[in-house]
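This report concerns only the one structure given below.
To keep things simple, chains are lettered A, B and C as they appear, and every chain counts its residues starting from 1.
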Amino acid sequence: MPVPEKLIFEYSHAGRGASDQWPHDPGPAALAELPLTLRRARPPELPEVGELEAVRHFTRLSQLNFSIDTHFYPLGSCTMKYNPKACNQYAMLPEFLARHPLAPESHGQGVLACLYELQEMLKEVTGMQGVALSPMAGAHGEFAGVAMIRAYHRARGDLERNEIIVPEAAHGTNPATATMCGCVVREIPVDRLGDVDLAALQAAVGPSTAGIMLTNPSTLGVFERRIGEVARIVHQAGGLLYYDGANLNAILGKVRPGDMGFDVIHVNLHKTFSTPHGGGGPGAGAVGVGARLAPFLPIPLVGKDGERYRWLTEADVPQSIGRLSAFMGNTGVLLRAYIYMRMLGREGMQRVGEYATLNANYLLARLQAAGFDAAYPQRRASHEFIVTLKRQARELNVTAMDFAKRLLDYGFHAPTTYFPLLVPECLLIEPTETESKDVLDAFVSAMSQIRKEAEQEPARVTSAPHTMPVRRLDDVRAARQLDLTWKPTAQS
Amino acid sequence: MSTVPADLKYTRSHEWVRTLADGTVAVGITDHAQHALGDLVFVEVPEAGRAVKAGEPCAVVESVKAASDVYAPLAGEVTAGNPKLKEKPETLNTDPYGEGWLMRLKPAPGALTGAALLSAADYQKVLEAEGG
Amino acid sequence: MAFIPHTEADVAAMLATIGVAGIEDLFDEIPADLRVKSLAGVPPELNEMQIGRLMTERARADGAPLAFIGAGAYEHHIPAAVWAISTRGEFYSAYTPYQAEASQGTLQLIYEFQTMIARLTGMEVANASMYDGASATAEAALMAVRANRKSKSARILVPTTLHPHYRRVAVTTAANQGLKFEELPYCTAEGVTPSASLARYDGQDITALVIQQPNFFGRLEDVDALTDWAHARAILVIAVVNPTSLALLKPPGEWGTRGADIAVGEGQPLGVPLCSGGPYFGFMTTRMEYVRQMPGRIVGRTLDTAGRAGFALTLQAREQHIRRAKATSNICTNQGLLVTAATIYMSLMGARGLARTAAAAHARTRELVAGLTRVPGVHLAFSGPYFHEAVLQLDRPVAPVLKSLSNRGILGGLDLSGYFPELGDALLVCATETKTSADIDRYRAGLSEVMQAARAA
C-alpha cells in the first residue's frame, strides 16, 4: 500500500536551498532604483529544500496517482487513450520550447507549418470549412463556438436570438457556456431509446432560438440517429447547430459532424487526438466552422501566402469574436496533436473510430453476459456505454460509487459515475481503442468478482478502497471546514 | 418518509411558511428538500431590508453534490436572515422547521392572502406525485 | 497498427462475442448517406522515425535567436528537475482528480501550489489555476461583478497600461454578459496611471479597478494610492502581477490599507517554457470571503474514514458539472501539468532563488537599457523605476530595425507602434537572468550597426 507523503513545507529548513539552480546574486546595489515603498517587506514563505529532497517528494507524489501509463482508465466521456511518448518528445525539441510567442514569423516557419497543417487536417476530419486552434480547453472551445453563433445572429441584425437548446443529458459545460455567452438555456428531454425528443425540440425552437448544442454520439453513449431531422428543425427555425466534440473518438473517420449538418464544432484534442490530460490540463479545444461562421473565428489563425506561413489577426478577420488567450493558445499541446495525427495518417484515423467502437461493444457484451445491465440494451454502443447498477443497489445495497471505489483496489481506475444524471446508479465506461482484449477481460473479471463480494461480504465493497493511500475522504468536512492553504499552526 | 407539519404553508418548490404573532412570516426549506440535498455545507441568506418578489431567488443552499436557489414564497421585505446558518449550515439538516429557518419576511400588503401557498395535505400530494 | 494492440485472432474473438460479422456492422445505426468515403486531405501515416525527422527539421527552421522580447512571456532558467518530473507518466497521463483516493499525488500537489501562490501574492486563498494570465484577468472581472454586491453597473476600469492582449481577451470573454471595460489614460512622460486621472469617476457606480504591476511597459504603478482610492469608493481591486517580481515587490495582499481583493497573473515565468505562447497557466487568488465567487477547481484538505489527512476537490457546487447554467464559469479543468511544473519550480527556487532571479533580471534590464541608450538615436521613453522591461524610443520606424536585427539572429523586442501609436517609434525590450553581458553587448553592437547603416543609406 502506498505510504502518504509529507507536505513539501514539512521538509523545509531555513537556509537550505537548491542554489545550483539560482543565478548569481547581483547584490543589493542592483536594486537601488526600486523604491522601498513598492518593495516587499518580508520574503514569501516558499519551501527551503535541497534538489534531491524536492525530486524525491514530487516523485513520491506522482506514485500516489493512477494514470494511463500505469492503469486502465475507462473514464467515460474523457477518452483516456495512450499518449504516445513520441508526441511529447518531438513537441519538446529545444527550438520549439525556446520560441517566444511574439518572435517574428521569420523565426517560426517550422511551428507555423505544423499549426497550419493541423488546421487543414482538422477541417478534413470534421468536415468543416475553417478551424481556429487558440481555445485552450473543451469548455473554452465551447465558449468560442457559442460566441460565434451570437456574433453571427448579431451581424444579421437578428438581435432576439439568445436561447440555446441543450438535451437534458448534456455535459454541464454546455449550459454554463451558454450563460457565459449571455444566453438563456432551454433543456429538452431525450426519449426512451436515448434519441432527442423531436416533438419537444419542435416545440422549443422559435424566433429566439440561437442554436442547439449536441454531442453525437450523445452522453448516453448512443448515436443520435435522427440527426438529419434535428438539423432540419433547428435550421428551419433560424438557429445553428453546435457539435460538442467530447465524443468525436467514436466516429473519427466514419462520419463527419460537418456532413451531419453541424455549423460549428469544438474538438477536444486531449481526448480524440491523444494529447496528455496532465492531471487536469492543459487541454486544447480547437473550433471548426462551416462557411457561415468562418468570418467570426477567434484570432490568431495561421494563413499561408505562397510558401510562407503567417498569423492572421484583426486585419485579416475583421469580424472575429476576438482573442481568447494572450498569445496562441496551448501551442505545445497543438504540436502534440499534430504529431499524433501525422503518425496515424488517414488510415490510422479511421481505425481509431473502428477499434474504439469494437472495444466498447465487446466490453458491453461481456459485461451483459456476466449479468450486468446496459442502460440502453436495444442500442449499439458507440465508443462508450452505460451500465446501470440500480438492480444491485436495490438487491445488495451496494451503489455505483461502491463499485467504483472497489475497482481501485483491483487496479482499475473507476469509470465515470453518476453522469449522466438521468440514468440511476450508472457507470459510463469508455475503454478506448488502445486497450487490448486482455485488459478488457481482466476488467470484466474484476466487476464480476466485486459483485460476488457484494453478495457475500458487502462491507468489503461499501468500505472500499482498502489499498489506496487514503480511505474514502470526508467531502462534507472538506467543504464545511475549509482548509485550502497550509498553515504551520494548523493541525498536521 | 419526510415530515410535513400540519400548521405550515408550503410551495411546490419545497419552501415552508410560518405566520408569526407579529405579522411577519418565517421561511425555510422542507424536510424533504434538506433530505434530497444531503449534508449542507453552506447557506446564504438575504440581508435585512431587501425587498423580494414572490418567486424571486433570495437564498442559496449548498451541499457537496448539489446547490439550489430558495425562492421567496411571497412578496415582502426581509426583516432578518438566520445568522446561525453561516457557522452551522447543518442546522438546516437537523431542524429544518425550527432552528434551521432561513429568513423572516414582512409580507407586502395582501401578499400573504394572495400567495398561492399549499396546505400540508396538498404539499404531501406534491411529494407523492414526485415519488417522494 | 499504430497504437492499437489487437491481433487478428483478438478481433475475430471479439466480433464473435458481440455477435456481428465485421467491425463495419457496429456502425449500422449511422445513416448510410452520412458515412465518410475517404479522408483524402489527411496525409498517409508516418512512423516514429519519420515524424522525428520531420519535427527536427521544423524545429531547426525556427532557429535559436538571441531574444530580448518580454511583453507577458519571459525566458527564465528552468531547473532540469522541473520537466524531468512533470513529464513522468503518473502526472502527465492522469486526468482531473475525480477519484480522490487514486489521485492523492495530483491533489496534494495542487494544495501545495495553492499554498505557495497564496504566500507569494500575500492573499488568503488560491485556486488550482486558470488557462493563462489573460483569461484569468477576464475571469477576475466576471468574479468581481458577482462579488461586489454594492455595485450594479458592471463597469470595470482598466488602465491603458494593462497588457493590450489581456484587455482584448477580457472584452471577448465578458462583454456578452454585459461587462463594460473603460480605459484609464496613462501619463505619456512616466508611463504609469496617475491617481489624479481617477477623479472624474468620483461618485459613479464602478464595480472594479484593474491594476497591473509591473505594468505592460515594465514601469511600477503607485499601487497603494490606486488601491486606497478604489476601496474608499467600494470599488474592488483586481491586481494583475508577475510572479517573479513578487519575490521583491510588495504583494497584492499588502497593497494600500486593505490589500487587493482579487490577484491574478501569468504563471509562465515559474518554470514554463515559452513555446510560442502556451501551454501556460493563470493563477487566481482572493480573500476568503469571496472564495465562493471564485471560478475553477479548488483542493481542500480533509480527513478519510480512518481519520487520516487527505486531499479532495472541494466547493464543487460553484462549478459547471453541478451548477450548470448558474455556475461561476464554464471552466472544467485547470492547467494541471503546468501547475505541476510551477510547484516543483517554486520548491527548487524558494524565496531566495526567486529573489535572485528577479534581482538578476532587473539588473540585466538596467544594463541593457544603459547599453542601448548609448546608441545614437535611442532613448528611454519614460522616467521612473522599471522592473525587467523598458520602453525605448528610436529616431526612426522600429519594424525595419527589428528586421535587420533578426537577420543577425537577434530578436530586439516588441514594436509598440501598432499598440500605442501615441508613443511614436517605441520598442519594448526585456532582459532576464538568462542574458549575459556579452549577449547585451552583442545586441548593442548590432543595433549600433543597423542604425548607422540606415543613416548611411
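Following the convention adopted for this analysis, a residue touches a chain if its C-beta (ideal position, glycine included) is under 8 Å from a C-beta of that chain, and two chains touch if they have at least 3 such contacts.
The model shown is predicted, which means the values in this text are computed figures rather than measured ones.
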Far-end chain from chain C, centres as C-alpha averages: B
Central subunit by CA centre of mass proxy: A
Selected pair, greater C-beta contact count between B-C and A-B: B-C
Centroid spacing, where centroids are CA-atom means, of chain A and chain C in whole angstrom: 20
Centre-to-centre distance between chain B and chain A (centres being mean Cα positions), rounded to whole Å: 38
Distance between the centres, which are taken as Cα means, of chain C and chain B, whole angstrom: 44
Touching two or more other chains - residue numbers and ranges from chain C: 314, 317, 322-323, 326
Multi-chain contact sites of chain A, meaning residues that touch two or more partners: 475, 478-479
Junction residues of chain B, two or more chains touched: 41-42, 62-64
Residue ranges of chain C touching chain B (in the complex, touch as defined): 292, 314, 316-318, 322-323, 326
Contact footprint of chain B on chain A as seen in their complex: 475-476, 478-480
Interface residues, chain B side, partner chain C - complex: 41-42, 62-67, 69
